[in-house]
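Shared between the two complexes below is chain A, which has chain B as its partner in the first and chain C in the second.
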Partner chain A sequence: MIARFVSLLFDGFAYGMLLFVLSVGLSVTLGMMNFVNLAHGTFAMIGGYVTVTLMRQAGWPFFATLPVAFIAAAAASVVLERVLYRRLYRATDLDQSLLTIGIVFMSIAIAAYLFGTNQQPVQLPSYLTGRIAYGDFNFGVYRLFLVAAALAITAILVLGLEYTRFGARVRACVDNQRMARGLGLNVDGVFMATFALGSGLAGLGGALAIEPMGLDPNFAFKYLVYMLIVVAVGGLASIRGAFVTAALLGVIDIFSKYYVPEVGAFVLYLVMVGLLIWRPAGLFARR
Partner chain B sequence: MRKVLAGLGGLAAATLFGLAPVQAQDNTIKIGLIMSYSGQFGDLGTMMDAGAQLYMKEHGDTVAGKKIVLVRKDSGAAGTAPDVAKRLAQELIVRDKVDIIAGFSLTPDALASADVFTESKKVAVIMNAATAIITTKSPYFTRTSIPLPQAITALGKWAVTKNGSKQAFTMVTNYGPGIDTETAFQSGFKEAGGQIVGSVRFPVQNPDFSAFAQQLKDSKADSAFIFVPGGEQPAALGKALAEHGVSPKVMKIYSSGELVGDEPLKSMGESALGIISGWHYSWTHNSPENATFVKGIREILKGRNPDQFTVSGYDGMALIYKALEKTGGKADGDTLIAAMKGMSWMSPRGPISIDPETRDIIQTVYFRRVENVNGNIQNVEFDKLENVKDPVKEAMKAAGKLNPDGTAK
Partner chain C sequence: MTAETTGAPAAFNPQDVLRAQVRWHPLEILFWLATLLPFVLTPTYLVLCSQVAFAALFALSLDLLVGYSGLVSLGHAVFFGFGAYAAGLVAKAGWGEPISGLFISMVVAGFVGYLVSFIMVRISHFALIMVSLGLCLLAFELANQLHWLTGGDDGLQGIEMWPILGTFKFDLYGKVAYSYTLIVLFLSFLVLRRIVNSPFGLSLRGLRENQRRMPAIGAPMRKRLQVVYMISGAFAGLAGALSAQTTQFVALDALSFQRSAEVLVMLVLGGAGRLYGGLIGSIIFIVARDQLAGMNPQYWYFWLGLLLVFVIIFLPNGILGGLAQLVAHLRNRRS
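Then we have the complex of A and B:
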């Protein structure tokens, strides 16, 4: 009984961490920069396809592809930021939504053209698959890896944004652009770097998500709802909020699907509605 | 003589001035293809279309003196927006003046369009949508894919009588075809004397299956039946099972063809070994027809293997070609559907025919096991049941609920 409870708790937490690695970048671009970046999934997909291509065509090991996935997505985002996004920093939410949703549809078509419409399976090294079991206790190895990756990302982000000079600049530019500019900060540059960071995280999340979630051209769109839920419920601009929310939603989702499978799929959304009524700005809102 | 010459002159002039299409109008047969070429089910469209392309490549684009022209329409967000498929069917018939319609990725698309075909008297060849009752909704529907219960009821019976299963737990996706397979497996299993100890239905959007894998493990059943649609879910589910120690080594696992398709198998690897499926097609099927078919599809799809969607697309075109040959190129609904009834031929999947009473396909159900063949993880056929009809419509017929033209009363 205890064992089953612990196993479910672990599965839920690991699922939450998967949602977290997918969404944390959005918490940076949408949350901190206040840009309605619905194309977050596109950057995640870029990371995914980079990993798949390097592993299949070039025979790279899985771990070696992860930094490249981050860099590729970040680089692609810099191009888009310079060409398109920056023009709309002061535009309305609707304009931003229209631009980014257009990018999503175009990226889906491009991915289908380049890679085909089929799923892109990856074969992970054997030390990342399988499970560790003690009696009824049961832990998937890849899930353990996801939890570790999510904790590492959280630690780096929280420390980096709160205790480094770069972090201070980002917070200054986001909180009060005019003042930051007046103090001689290169606001454009900081925004570009922040956007690249958020998109790079998306790319990394996309690469990590191939194993549990698969990868096809529709990836850019398929998980957008989950990403938005995590960011909205967590509170914009809060890495901690995204972490706690993702963990909470993952656990609730797994428990409700196990104990009340008839309505299991809805519980997640009910909880979301409840939390947003209780705290409209999100659990850990800064403003 | 003078008239003939004048006619020839006119024809030459028409050709010269680019008016040929007007002349050719009487001599073409237009086939509208409604498939999901994009969106979540975009790959279904790719695979079905490749089958249709290959048949036309092998047999030319002229049949009974008529040129075959394809008009492709993307039902995009198929399944989530069946009204799109219906609108496309109307447009194809009214504006593009097509003679025949084929395709249909998902059940809701076909169901929503049924009335359009009944009213316009156009034949519609279903190349995938697999819920049993679809063909009872219009007398102009026929199907070259599979009514799901055909394979799955047979699989349920076979599990008890030939494979020693006693207690089963069923897990299906919570939508039309999923529920179809749940009913089919359970009825076959119980009819043969087995016991169903539990069941669960997954939401259609479900990125994590661990809760359901845990339920299966806790059920202590000796067998499981699993149905998930294609896409990313088969692999996700397979991995969740492996992570919870549920494998064919400790439990008999049965499924339809989706769970053990090429890509899920690549992704699941060794943990898929031993999964048994009841299905109508695998590219590993051993026959000269299939060898040619697989080779042709690999050329079109740059190395990918055909799957159930591809073979249905291929046979859909085969059925249209053969029926047109029989009618001498007449494509009106009543003549054509009459010619299709009872048609039988050799498909890459084996012998198939169109049931004259229900207009649905009659075919062989193969029982396959996932095995490691020289390092490749693939399905191996080891038993079969020939000439299987759709048990759902057989039951309707026995209960007097079916009209002579195969529609529901």
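Then we have the complex of A and C:
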């Protein structure tokens, strides 16, 4: 009983960590530019498909594909930012949401055209599969790997934001964009770099997510809702908020699926709506 | 509008401006006469035409929120779905009279709109987008789980409608269905046109332009927004009821996010904040979907996405907004 509980808790936490990697970029870019980017899931999907393709067509090992997934998603995001997003920074929420929903719809159709609508299987290296047993408790190796990777990424992000020059610029732009511009910071440049970094992380998350979440053309939309929940509930531009919310979300989702499967995603949406009514700016709002 | 008023600042009279908006333009009369053309020109497409008509009504109801009050909603399908299920369930329970069914749906959806408004007036910006989306997902999950009531994934089947007014039976070619939806659409349009040009409608536009100033000059913002949510919900429910009655089926996707997104696309495509935008947008959207999805249903979403991106980037005020700009530009050049 206790063992089952602990391993569910662990699975939920691992799942939450994956959600964190997927959504942290969205949180920062939304907080900085106030740009409602609903196409964040598309970048995650790009990462997933890059990994699948490289592994299957070119026979690359899993780990070698991860940096490529990161770079591919980041590059795609820079192109979109330059060509489309840039024009809408001053537009309304509605226009921004619609533009990015349009991109999501297109990416779903393109993925269906290129790869078909089936789930894409992935063959993980053997040392990442299986489970480690410790007395009554046992943990999936891949889950452990996910948690370790997410914690490493969090550490890099937090330290980078706190102690590097670039991090200071990012914080300045989030806190007061006009002031930062007035002091001569190249806000657009900082934003583009942050945007690329965040989308790259989404791509990496997408590649890591193939095994636990599956990958099909609907990925861009299916997990968008989860990413938005992390961002909205965690509060914009708050890494701590995104981390805690993602962990909670993962645990709630796994527990509700295990103990009350008939209710499905209902609990999750209810919690989200309730939290947003209670604190519209998120649990860890900076402003 | 601005081109007309700036021409003669000395004789500016606000009542004239308002009267000019209320007056029926010849083009409007032409438009409504043109809605009768399908009976003569494309009698085989009347079923599609009735789809256009209830989609247009749905878009009109959203225009009250998005175009006139400046609110964002990614979950307008909630009201459409509630209306559709209400009409379907009433008919399935043995009361197949269509017109009273419409009223029941309107009341149900309007009530849902009123309940939702208590939440919506408290939040704004990103939280508003998320809560409207969240409520839509919640309603979808709820309908999916209540299989015994709604039929879940299989949809609500076995709806039997009585003839309208006891004489006009719904036929296979959609002749009655199109007449019926068109009449309801036209009557609703008259009501909505009256609403948006009333002092109440003007105060909504004021809220859209400046949410802080309107309370300062004495307009109770929350009350106004609650009323507009109720009206908008009621008309969206009416559209849903029409869809349930004319197709005699309610699919679960009446409550889906896709439906919410589609109606936004229709509205933005035509041009929000000018009633006819929703009408024009829904005609173009449904006809395009019929043609493109007929060729290759799987890739319809690609064209939908492309259309969205194109409209947002190149026609920020929709087709009608673009046309209005063109007309104003030509007029300025001449004078």
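Worth pointing out:
Here is the rule we use: the second predicted complex is superposed on the first by the 268 of 287 C-alpha atoms of A that agree within 3 Å, B and C clash if a C-alpha of one lies under 4 Å from a C-alpha of the other, contacts with A are read in each partner's own complex, and residues count from 1 in each chain.
Note that contacts are C-beta pairs under 8 Å (C-beta built on N, C-alpha and C of every residue); 3 or more make two chains touch, one makes a residue touch a chain.
Predicted, not measured: the structure shown is a model, and the values here were computed from it.
In the superposed model, A:L88 makes contact with chain C only, not with chain B. In the superposed pair of complexes, A:D253 makes contact with chain B only, with no contact to chain C. In the superposition on chain A, A:N138 contacts chain B only, with no contact to chain C. Using the contact criterion defined above for the overlaid structures, shared-chain residue A:D11 touches chain B, although it does not reach chain C. With the contact threshold set out at the top, residues 108-109, 112, 117, 264-265 of chain A are in contact with chain B in one structure and with chain C in the other. Per the touch definition, chain A reaches chain B in the complex via residues 4, 7-8, 11-12, 15, 18, 108-109, 112, 116-123, 129-131, 133, 138, 140-143, 211-218, 222-223, 226, 250, 253-255, 257-258, 261, 264-265. Residues 66, 72, 74, 119, 122-127, 129-131, 133-135, 137-138, 141-142, 144-145, 261, 264-265, 268, 298-302, 304-309, 312-313, 316 of chain C touch chain A in their complex. By the touch criterion given at the top, residues 30, 36, 84, 87-88, 91-95, 97-99, 101-110, 112-113, 117, 225, 228-229, 232, 236, 262-266, 269-270, 272-273, 276-277, 280-281 of chain A touch chain C in their complex.
Contact residues of chain B toward chain A in the complex are 38-40, 42-43, 45-46, 200-201, 203, 205-208, 210-212, 214-215, 218, 231-233, 235-236, 239, 242-245, 263-264, 266-267, 269, 271, 302, 304.
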